[in-house]
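What follows is a group of structures, each given as structure tokens.
In the two complexes that follow, chain A is the common piece, with chain B as its partner first and chain C second.
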Partner chain A sequence: MIPLRGFGFVERHLASLFILPYIVIANIFGIFPLAYSMYVSLTEYNLARPHLGMPFVGMANYIILLGDPNFQNSIMVTFTIVAGAVFVQVLAGLVLALLLNLNLKGAGFVKILLLLPMMVTPSVTGIIWRILYTPTVSPINYYLQTIGLIPPRWLSSDFVIPSIIIADSWQWTPFVMLILLAGLQNLPPEPIEAAKIDGASRWQMLRYVTLPLLKPIILTAIVLRTIGAFKIFDMVFILTRGALPSSEVASIFVVKRLLDFYYVGYSAASSYLFAIIIMVISILYIWVLRR
Partner chain B sequence: MKKSEKKESEDPEQNAERADPPEKDRRGYLKTVGALVAGLAVGGAAAWLGKPAERLPGATVTERVTETVTETVTTTTAAKEISVLGVDCEQTRKILDITRESFEKEFGITVNMEISGTGEIMTKLPTMLAAAACPYDVIVYPGDSAPGLAEYFRPIDDFIEKYDVRLDEFVPALMGYVKFKDQIIGLPWRSDFFLHVYNEEAYENVGIEKPAETWSEFLENALQVNDPPNMYAFAAQGKDFWGITQEFFAYLLSSGGEMFDENMMPMINSDIGVEALTYYVDLFHVHKVTHPESMALGYMEKLFELIGGRVASIFEWPWSWTEAQNPEKSVIVGKCGGWTVPGNVIPGRMFAGGWGTFIPKESKKAEEAFQWCNWITQPKWEKEVVMRKGDTCPVRIATLNDPELAAEFKVFEGLSKSSSVCIQGPNFPEWNECRQILFRYMHDAYDEKLTPKETLDKAAEEWHDVLEKAGYYA
Partner chain C sequence: MKTWEKVVAYVILTIFTVLAVFPIYWIVLTSLKPLKLTFKQPDTIEAYVPQTWGAYNEMMLLGGFQKSFVNSAIIATCSTFMVLIISAPASYGAARLMSRKAGGRFLQSLLLSQALPGVIFLIPFLMVMKFFGLVDTHIGLILSYTTFFSPFAIWLLLGFFQDIPPELEEAARVDGCSKLTAFLRVTLPLASTGVAATAILVFIFSWNEFLFALVMTTTNAKTAPVSLFTLLAQHFAKWDVYASGSVTITIPVIIFYLIIRRYIVRGITLGGVKG
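And now, the complex of A and B:
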């Protein structure tokens, strides 16, 4: 046997060495932007005044943000939309999943139709609903007026949040439905059969057997949709550009400060602050739900 | 003998394996690594050797054959090419069609234009310029937003002098958008003069022969022509932040008001400002001559109401008049008038809008880029663009006053008059922010949550805070 000195390390870590280049590059592209933007958030960098450089101001941006009524408003708007949208989507998704689980005739075809909105990109969803909400061309308004109802001012400051929730729910309810349907179809049959033998009504079976068994799946759907809803941007931007305070969600707040007002440092700080707030609330949310 | 010692000695082969990996595995590893390294080396060498000789664009290769030797000689003539980021509109397309060939013939420079929507330009450009990674030699950019990026554009005073460009040939108000700290940073490319665009037939049907000159006349006309729900006298633009604010400014400025004083103190909440906002709110709530869905109308929806024959007049930039002549979209082709906005002191006095051509500082072909910027606004091309229905937005005074254009396009009389009284718009980076602040509060006034006075006081206060933070009052 020919002993090779030092070769033990290489052969033990050969696999790691092969993937090392990828890890290094992935971290450069992942960590560096995060680190740099964190640094920028601690400066007063104004894109319109590059000659002033990037003066370091520490936590000043964060402190000003916490007292900025526009920032507080965007937090409230975002949470309101998220809460409303997730509630509607989970409720509607559950109802649809329960109906589809009955395996009635044509359920397969209906399922495909219901999944179509999910395949549309958020920006196209925004365009579709912008047309539906424009009072002068809206078919919704037309049919509401035909049956004698007065259509709401969809994108006014009073009604824009429900309008966004409706548009978002149109797109993402099928996603929730899909998750819950998969859960329903994988429930153990024994408890359901036992309940049937015991003479439980449909409502009792649903309330005392099906829903408790489905709870983990419902929680998963809630968490996934909550994370997704917090990132809402494209659709709201196309609907309203966040022009009014009642539609200025967190992401639009950040983008506006960067691209409309050129406050780069402030915008970076707001994005980190939003991320921290959303993370804290989400952790609390999941903890409460799991209890 | 201990169990562990016995175990060791009883199985010498296993012991040997534990101490050293098997020879065959070690050789396998070596072969793999060796093959990898060899492959990389061979591949790299092949790529380096096989790389064609660097040749500059436009270079030609000639072969000179001698008796025994064949020489390859490369001569280079650098081909001139500039890249332009243009805005998506008819004017851009017409300019390119009309001037591309003549410019290339005259200067030997090829123009590669990338056309983008306004929104895309305004979102991607700031970060490209800030990163000094702008691949374009010319950028077509809205004048009122240009101050925000002015420090990234190359001053062109040297070229203006070298090529003897007559700046007095441009509408003076438009020059304001291309100046920054007493330096010229661009050339005007497209003008926008705020107009009263109206349905002539709707007016004639109720006996109105000409558009209003004063705001009280406008109200009188509005009350006459208003016939809801078939015809509304006016449509405001409440969806986009520049909509209702520019309508407000039109009244304010034409009635002798100002947005700022000489020390940049906001003056929008002056008596004239309150009168202006009260006027519009009353049009909406008291006289009910404004389209009821105005607060949900964007610029396109507002235009469609006019050219669809459902609204008698709007206040808009000239592109709307051009759209009204399109028979595929409009029912008022040939029956659409364009005149100055009314005014109690100076009708038509409003700030001019428009777009300019700017050269990024990192462009390596600044002079070629400037030659193009200057070429495309020559009067002969401007006139041809208008004649070919490429928007009615010339920037030179001569084109605006051209009698042939005035005879062909009746809006030119209004444009010419507006251009003579319009003023330079606000020219500072925080202007976008100020407009958005005013927009938010104006919505509260239209929704009757605040009085016009409260609205403008709050907006003026926030404007003051923004400008103070930016150091204007130091």
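And now, the complex of A and C:
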């Protein structure tokens, strides 16, 4: 038996003591707030009328929300952005990862340049694209006109969603590229060697060997980007300077009800509905991934 | 590979590289050009070269920007320390001290919490901070970030702790170390690169955070990204100043990312869910 040094109590309960600080923090700032906000979502609490207190209204906020055209709009907007952004990012990320995986000369340097957008602070991405989308200062509009194209009105309500998808894809395609490249580099070499010996062409190898092997990694990238895109806030908020109705993504819906209208109960209810949607999607994805 | 295939590959890579780099080049350029040149069509060489630091001077005088950078630095640094103090032991506990089953369950609950959108915590946090008088204080944001980024840090550190062979600790224990000293003297120093990478990522996330900073701060503890929004909302069409603020916020982040380049995949895969 090895003699214990120091405090016997500490030694015996080290696992619990090590976890304890996190458990305390998680309960005070995690579990309790979640429960509390669930309660708030069942009340009609309005910061503009604090003297009314928090009258309990049951599911009323949730029922009103489901019929609120603004909420329906924000869910639609969010889903459109998520679908568009994830599609573009996975496609472009896959092409870039496959090209970088060829190990051409200078690929290392190109990879760093390609990664730069991912490192930009998301709120700054909003400023960058606001400059590129504002007609009076946009170099893009100038280049488009030079080659004879009429630039779209990027931040108008008709075009703002594609504009957001472009800006989000600029920032996050490198992330998908990086995950897929790591995946490609960790693929087992045997099936690829075998296909080579069997005389498969480059396309056949890609189609029948590499992509099927890479499928779980592609799915992982899709999951991560879907969850990330659902929570989009900083970039859109700055890009649209506090948001247009046509670009009111879910997080902005919640924040606006809170900050602009002081509907605390309503805002809390919307954040819960929104969280439920994300959780359902995450669980669906995990289920698909496990299969 | 045939030559034409290589040419195609290079052409596609070049196009994407230009698409990736041009927006960054343009914002740096906008911050270093007189404002009236920004409004002119970029059809002269003059429009493509940096010329003046004027916008940076103006930015430092405007909208409490200087103070907000100090705030951001204080908040991000303190959050990073708090996160590490809480997460390093918890992560080590889950990796080595707890039973496999209990550790696994603990880690799974962390992962689930990561998928929750940040906005769901907005209202209760605001109310709790109001109750304790912590709205618009550094402590309020530091506590929020500590809560948010700890699950991420615990997961990231887990991998680094698991990379260290348990035999080393066992050897230390045979030599008479307690479990606690084995952790402090053997495992922690060996995992120091991983701990540093984790620290840098937590710092970046705290530095970048916008949603909570926007809702929970107004003047006293306002962070740099929020200042950027205030500037945009209050000063019309000051493109050079917006740009200089943006560049100043981003430079430390890019430097930090480049330092921990090797750990980006690991870090971002876990942290990419956060928001």
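We take it that the second predicted complex is superposed on the first by the 256 of 291 C-alpha atoms of A that agree within 3 Å, B and C clash if a C-alpha of one lies under 4 Å from a C-alpha of the other, contacts with A are read in each partner's own complex, and residues count from 1 in each chain.
Please note the rule applied: a contact is a pair of C-beta atoms (placed from the backbone, for glycine too) under 8 Å apart; a residue touches a chain by one contact, two chains touch by 3 or more.
What you see is a predicted model; the values in this text were computed from it and never measured.
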item	value
Which partner, chain B or chain C, touches more chain A residues	C
Contacts of A:260 with chain B and chain C, given as first, second, both or neither	first
Contacts of A:153 with chain B and chain C, given as first, second, both or neither	first
Chain B versus chain C as contact partner of A:97, first or second or both or neither	neither
First, second, both or neither for A:11, with chain B first and chain C second	both
Contacts of A:50 with chain B and chain C, given as first, second, both or neither	first
Touching partner for A:227 - first (chain B), second (chain C), both, neither	second
Touching partner for A:136 - first (chain B), second (chain C), both, neither	both
Contacts of A:42 with chain B and chain C, given as first, second, both or neither	neither
Which of chain B and chain C A:121 touches, first, second, both or neither	second
Interface residues of chain A shared between complexes with chain B and chain C	2-4, 10-11, 14, 136-137, 241, 258-259, 264
Touch list for chain A against partner chain C, complex	2-6, 10-11, 14-15, 17-19, 21-22, 25-26, 29-30, 32-34, 36-37, 40, 92, 95-96, 99-100, 102, 104, 107, 110, 112-124, 127-132, 136-137, 139, 142, 170, 174-175, 178-179, 182, 220, 224-225, 227-228, 230-234, 237-238, 241-242, 250-251, 254-255, 258-259, 264, 267-268, 271-272, 274-275, 278-279, 282
Complex contact set, residues of chain C against chain A	1, 6, 9-10, 12-13, 16-17, 19-21, 23-24, 26-27, 30, 38-39, 41-43, 85-87, 89-90, 92-94, 97-98, 106, 113, 115-128, 143-144, 146-147, 150, 154, 173-174, 176-181, 207-208, 210-211, 214-215, 225, 228-229, 232-233, 237, 239, 242-243, 245-246, 249-250, 253-254, 257-258, 261, 264-265, 268-269, 272-273, 275
Contact footprint of chain A on chain B as seen in their complex	16, 20-21, 23, 25-26, 29, 33, 122-123, 126, 130, 147-152, 239-241, 293, 295-297, 301, 304-305, 310, 429-430, 432-433, 436, 439-440, 443, 447
Residues on chain A engaged by chain B in the complex (per definition of touch)	1-4, 7-8, 10-11, 14, 46-51, 133-137, 153-158, 240-241, 243-245, 256, 258-262, 264
